[in-house]
Every structure is written in C-alpha cells, then in structure tokens.
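The following pair of complexes shares a single chain, chain A, combined with chain B in the former and chain C in the latter.
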Partner chain A sequence: MSTILVDNLTGKTSAGSITVTSEGGAATQSLQQGLAKAWLHFDGSGTPSIDDSLNIASITDVSTALYIPTFSNNMSVSGGYTASGGGSWSGAGSFGAFITFEGNGYATTGVKIVSYVTNNYTLIEAIDITVDYHGDLA
Partner chain B sequence: MSTLKADTIQNTSGGAVTLTNQSAAKAWINFNGTGTVAIRSSSGVTSISDNGTGEYTVNFTNSFSAAEYSATLLSSSGNGVRYSFASTVDAGFVSGSHRHINYGDNGGLYDQVYVTGTFHGDLA
Partner chain C sequence: MAGTIVADTLTHSTAGSIATNYVVEGSSKHWANITNGDTVEDSFNQSSIVDNSASDCTYNFASSMGNGLYANSFMAMYDLTNPFRKLGYFGDDPSTSSFRTHGSYGATASTNDMLTSTVTTHGDLA
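What follows is the complex of A and B.
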C-alpha cells in the first residue's frame, strides 16, 4: 500500500474537479461533489450553542425551536443544495426529535431549521441537533 | 504546505482510494416535488420519477454495490407549513434507485416544494 502525504488536493485540469474510482471499480465520480460542504451538531435548548461543526460561522436563534445556522463559505445556488439531519430530546417520555426546513429559507448563506418532538409534532428545542449539507460551494 | 494536483486519484491497483477518516456521499439531490417534478441540483443522479402524490424514485447514475446503503431524506412545503418529513418507501432500497415518500403532520401524503436526499455507501 502506498500513501501520499499532502496538505492540499487540487484538480490539475480544473482546480475544483478530481475524479475518484468507485469501491467496486465500475464507476468514477467527482471527489468534490461527494464531500459534505458543512455539518453541524448543536444544542438547541435555550441559547443555541455549537458543539462541533464544519463551515458553520454562527447560529441564530429565530424563536422557539427555529434556528438559522450560517455558513462560513456560502453555497453557490439558493435552493440548490441538500440539508439532512435529526435530533434528540431529553424531555419527559424521552421521545426523539426530528427536524425539517422552511423551504423559503434555502438561501446561499443557510436554511432555517425547525425542530419537533416526534410524538405530537409540537415544537421542541432539542438538545442534540445534527445537520449535514451537500451541494456546490460558491 | 504541499499541494498535489491530479485529475484522477486511484489506489495502486486502479481501484478506490482510501481517504483517511473520510467518506464521501455517493449521491445527493434537491428537487421540486410539486407538479412536474424537477431537479434543482444533484450529484450522482440521472433522473427522478413521480410515482404519485408524495412518492418519488431517485435514479442513480452509478448503482450501489448492494441495497444496504444509507439514505437521509427531508422535505419542506416551502410555504411556511412546517410539518413535513420524508421516509423510504417499503422495499425502497434497491441498488440502482431509491423510492421515498413525503408525509404531512396528519399522516397524509403531500407533494413538497423542497425534497432533499443524501446517499452514502459503496458503489458497484
């Protein structure tokens, strides 16, 4: 096995494009396209606080259980990226939480997150909320 | 600091390279699920099919090696109606495509303005 130690990878022909071979060897795919462009784990209770993140500059507390994480480096197209995630809540009954997004808020700078408790669809400020983002950076 | 410039990276046998402690998504999509479904942005996806109200099939450019890949899905009405979520359809895990469905807070099925999915696993 050979290992290359390097700090940066850049496409030779096009700086933003490096092709990698699939695990099964039958396909090739863009390395950059597959990488998560941002991810976030934060505590949504009270004043939201970021536990760990990539490419997240800050998080805004909009109102109860509504948040807007803001990217450090923006996406290239509004509405042209994916956001996926989930949450957990430590309240009575220990029900889980799920999150969804307000579609009108799909801006290049971030998208509004809404957190619900799973048993009755009420807004809940979950203590562990995770989100990952895929798409093209500007 | 060193920079390596390359168009294609393979392992020494011509196969998939190992990225230390990293795993790239093999496909992702953001599409409008209302009316005539339309992809806004995607990677590793050739097309989507509208199977009926709230149900769609995402067709991958390259198939997964098996049906046991990861799919994370979300949906949003885009009009301030926040109660919506997406789930994999029963028997929706096949290697070349993925079927999923959007629910509202009343358990009904809804076409949603924003539907997103991210898929991880091993490609064929």
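What follows is the complex of A and C.
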C-alpha cells in the first residue's frame, strides 16, 4: 500500500486537468470535472443556518422558502453548472420537500432555490435542505 | 511528458487522508446543464442528448458506465408562471450508455420542457 502526502494536486501538462483511470479500467476521465464543487446542508426554517458545507460562504434568505446559497469560490460560467438536492419537513407527517430552482437568477456566484412540500405544493421552509453542485470552477 | 502516480491514499497536511478509491468511485461520472429541453449549456462525459419530445430527453454518455445501477440526481427550473417543476426518470431503466428523463410541473404533473434541467451521475465507469 502506498500513501502520498500532499496538500495540492496540479496537472503537469495542464494545471487544471488531472486524469484518473475508471473503475473498470476501460476509460479515463478528468479528476477536476468529476468532483463536486460545492455541497450544503442547511436548516431553512426562519433565518437559514448552515449545518455543514463545502465552498459555501453564506445563504441569503430571500423570502419564505426562497434561498440563495453563495459560493466561496465562484463557478466559471453562469448557467453552466448543476445543482440537485432534497429536503425534509416535519410539519406534514411523512411528506417530504422538493428542492428546485426558482426564477432565472442563475449566476456564477450561486442560484436561487425554493423548497415546497410534496403533498400540496405549497412553499415550505424545510428544516433539512441538502444541495450539491457540479461544474467548472473559475 | 505527463507523469503517472500510483497510490492508494492521499494525505493532506491538515485535512486528513482519503483512500484513492474514494476519489475515483466518489467522483461524478457525468453532469449536464440543459436549457429549454435541448440546448446543452455545459456538460461532462456527455456525447449528445436526444430531445424525444416536450419534457422527454435522453442523455448519452461519452464513456459508458460499467452497469445500469448508477445513481442520478436531478433538479429543474421552477418559474413563477408554472411552479413546482420536477424531473425524474422516463420509461426504461437507465442503461450503460444513456438514461432518459421526464419533466413535469404543477400538482397535475403537466408536461413541458424545463427552462433549465440539471442532471448528475455517480457510479462506476466501464
């Protein structure tokens, strides 16, 4: 077994490109492009509070159930990254909360998201909201 | 000349260690941002998409997955005119070369192209 002690990984030919071999050995892919660039677990009730995160500087509480998490390090292209997630809410038995985009506020600094409850399609401030982001950092 | 490192573990001076299989297996294998049902804004490991019909899109991988048992996550644009948009699988099981999604909005799950759809794939490449 071998161990590399290192604080930074940088591609030699291209600084932003390190190639890793696939699990099955049949392909290679970019390490950088495959990594999640941010993730977030926060409580959306009342004033939103971050429970844990990667590359998230803050959350703006826009209005009821509407939030804008802001990246510490921005994405390279507005509208060129992905976000996905889900939520839980304790106010309606076993019904959960969907998390989705809201409006057209898709920026390199973050994207506005909204949570709503699954049983009656009303906006709800979920208590556990998780989001992960993939794409290219600036 | 590019170099190659063969290692089982990466150790950061302060942030801890990670086995390199987590780097390989834990990295996403595909992602895409699609607008208006058929415009690829950006993507990774995607050769093409097929806009089958309104709300129905097939995503084709550039490098195939090792099996069809991978994990996808989706999110779609909510807008104030047609709120509560959702994105999920359509029809057949995901295959090693592609998967297919279906978008809907509102309590009656009416179908329509999403203004923005984002999809992410985790699993093992072939």
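For the reader, a short list of remarks on this structure follows.
The criterion applied here is as follows: the second predicted complex is superposed on the first by the 135 of 138 C-alpha atoms of A that agree within 3 Å, B and C clash if a C-alpha of one lies under 4 Å from a C-alpha of the other, contacts with A are read in each partner's own complex, and residues count from 1 in each chain.
Here, contacts are C-beta pairs under 8 Å (C-beta built on N, C-alpha and C of every residue); 3 or more make two chains touch, one makes a residue touch a chain.
The structure presented is a predicted model; accordingly, all values stated were derived computationally and were not measured.
Annotation: superposed three-chain arrangement on chain A; chain B versus chain C shows a clash. Legend: residue contacts after superposition of the two complexes on their common chain; A:77 is shown touching both chain B and chain C. Of the two partner chains placed around the shared chain by superposition, chain B is the only one that A:10 touches, whereas chain C remains out of contact. Common to the chain B-facing and chain C-facing surfaces of chain A are residues 1-2, 4-7, 9, 11-13, 20-24, 26-27, 29-31, 33-36, 77, 79-85, 98-104, 106, 114, 116, 121, 132, 134-136.
Contacts from chain A toward chain C in the complex involve residues 1-7, 9, 11-13, 20-24, 26-27, 29-31, 33-36, 77, 79-85, 98-104, 106, 114, 116, 120-121, 132, 134-136.
On the side of chain A, the complex with chain B involves touching residues 1-2, 4-14, 17-31, 33-36, 77, 79-85, 98-104, 106, 114, 116, 121, 132, 134-136.
Per the touch definition, chain B reaches chain A in the complex via residues 1-12, 14-17, 22, 24-26, 28-30, 40-41, 43-44, 61-62, 65, 72-80, 82-85, 105, 112-114, 116-118, 122-124.
Contacts from chain C toward chain A in the complex involve residues 2-3, 5-14, 17, 23-25, 27-29, 31-33, 35, 41-42, 44-45, 63-64, 66, 73-80, 83-86, 106-107, 115-116, 118-120, 124-126.
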